[in-house]
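Got a structure for you, questions after.
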Amino acid sequence: MLHARCKADVLKTVIEAISTLVDEAKFNVTTDGISIKAVDPAHVAMVEVTLRKSAFEEFKAEGMELGIDMDKFKDVIKLAANDDELDLNYDTENHCLFVKIGNLTRRMSLVDSSGMADPKVPKLDLPGHVTIASGEIEKGIKAAEAVSDHVALIASPQAFELLAEGDTDTVHLKLDKSHLPALDVKENVKSLFSLDYFSNMVRSAKGSQGIHLNIGNDYPVKIDFDIAGGNGHVTYLLAPRIES
Amino acid sequence: MLHARCKADVLKTVIEAISTLVDEAKFNVTTDGISIKAVDPAHVAMVEVTLRKSAFEEFKAEGMELGIDMDKFKDVIKLAANDDELDLNYDTENHCLFVKIGNLTRRMSLVDSSGMADPKVPKLDLPGHVTIASGEIEKGIKAAEAVSDHVALIASPQAFELLAEGDTDTVHLKLDKSHLPALDVKENVKSLFSLDYFSNMVRSAKGSQGIHLNIGNDYPVKIDFDIAGGNGHVTYLLAPRIES
Amino acid sequence: MLHARCKADVLKTVIEAISTLVDEAKFNVTTDGISIKAVDPAHVAMVEVTLRKSAFEEFKAEGMELGIDMDKFKDVIKLAANDDELDLNYDTENHCLFVKIGNLTRRMSLVDSSGMADPKVPKLDLPGHVTIASGEIEKGIKAAEAVSDHVALIASPQAFELLAEGDTDTVHLKLDKSHLPALDVKENVKSLFSLDYFSNMVRSAKGSQGIHLNIGNDYPVKIDFDIAGGNGHVTYLLAPRIES
């Protein structure tokens, strides 16, 4: 059972975060809220989204799973303006979701979620912790995309750096500790990542207060940020690339 | 003879309304204004536009016909901002139209209108009358386009409904009498239409005060609305589809 | 040696003006500023841009040449907002340019400028002088593009005219002396030009106070306008087309 009501932009943010990695996902509904875990088809990245009951205006649910087609759900949510409220109602009999936006009711079929296993989130020991404004890192990513298809994240006790090196051109974003909301790094660390994956993750954080980057040495990066005014959270894990 | 001056957006609305159905149309000019009747090539829909003398700042004309290429006329009008005034002058000798926008004069050739007969507008007895805000129905159409290529218009004494049914998904817009500017329906009526045609017609009513829908049972729909601040009127007829 | 700092939109305007004609250009740096001269591959048009030291917030330079790829430079500058300041630093050792925008540093390789000779600017005696608002002439060009691929510039002591004639349609922009910031023409002159070249030149003047057109009889046109708040200048020469 699910009956929920929330602002459209809450769900927009959730879908944005997941759809950068997968086309379909299993929404785990409990009495406390909704959570989603998914791994991309290439097994390079993982996303975990939690949306607490408090992110909703109304939320009544029993434990259940919803298999959702991301593109279809995105199109449905787009029918609402960001500030519009929408209702989600699960119809047990027909196994479909009713989305109500004002006077409009959209019946949406669900996808079979029986084959979608929840991935196990690995425990990672990441010594570098950086908090950065999303606009700042987006600027670096935009510049990097012109010169390379991978990017190094570098952290030291003094600064955070993003470095993209092409054959002839380079992009270097360097933010000193004084320019960062938070920087907690004991030792110098550096890891290389696919720019494509990394930029999609950062872009889905657009509008969030700040992005936390947890960096190791030739090790996965953990990227996480709050959504829904702190009533939800997105965590990405991204596997490193081997430096050639 | 034709010498007319009007705001650009008056003509923009007229062209928008006609060009959803035909590429070329015959403009019937009289001393009282301009009227256009056209049937689409598939004979599924008809449009009738009247623009009274009062829609113009200046209007001097004798009875005549102008064969107009819609795309070309649209491009010419686009050169003016919505609030710009433009002059239309017919040049009898060269059989062309001079459009003047500020210091710019555009000479536009006309198409041969001798083969364009005025279609006869059928008399229809349509028992359901609904007035609806254009934004409200547009929202329903946008949602419907994701699930089907046809749409049912349903009216009862209590409510107006738009229903689109796909194989697995449906869209249902329901507006109670209290949510509608006007609803005058004696008996339950329902007809099915091509969504493509219907959406184009509704979209050309963007900016109008309200759209009148005249609905029957498995019968054509008549869609009409005012343009040019009430100094003009657009009427569409759209043939129904057979429900399978 | 070059160390310069300026608002991003100053360089955007320069690149816009040059890139309408060439993909790569040689920037001649002196202690007084930067100048660029280039001829398009078809030898139909020439551009000369000068940017005085005063256009920069800071400017320290010795005589040198920089071979610049226009598209790449455009992309780099785009990373900055119009009001952002950016730093240009030439790295002699690696023969590359460092562009600094806030915390972001972009290392940009240069192209070989040894084969790029400065074209000689011909002396032209052009009897017609017109100053026109860029928006006014842009409107004429936009209209002209729908009917022809060439355009005649016509000047008389009383008016400036732009005339484009297609097979059936024509566009005629006529501005009387009273509608022009300046008109100084002794005799009637008329020359025909490629609309493609002419429109690109006029469009790169967007935002300038006024465009000066210097017109002769079946003779090249000289188009020039100020940039960077009067601290820079762009001059185009465009060869005429023979009227058929």
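Labels for the chains are A, B and C, by order of writing; each one numbers its residues from 1.
Convention: a residue touches a chain if its C-beta (ideal position, glycine included) is under 8 Å from a C-beta of that chain, and two chains touch if they have at least 3 such contacts.
Source: prediction; values computed, not measured.
Colleague: Quick one: compare the interface residues of chain A with those of chain C and tell me same or different, with half as the dividing line.
Modeller: Mostly different residues.
Colleague: Through what angle, to the nearest 5 degrees, does chain A rotate to match chain B on its C-alpha atoms?
Modeller: Value: 120 degrees, nearest 5.
Colleague: Just curious, how far off is chain C from chain A if you go by their C-alpha centres, in Å?
Modeller: Here chain A and chain C have centroids separated by 45 Å.
Colleague: Touching at least two other chains at once: which residues of chain B meet that condition?
Modeller: Not one residue of chain B touches more than one other chain, so the list is empty.
Colleague: Would you mind writing out the residues of chain C in touch with chain A in their complex?
Modeller: Those residues of chain C that touch chain A are 72, 75-76, 79, 96, 101-109.
Colleague: What part of chain A is in contact with chain C in the complex they form?
Modeller: Of all residues in chain A, those touching chain C are 136, 139-140, 142-143, 146, 168-175, 179.
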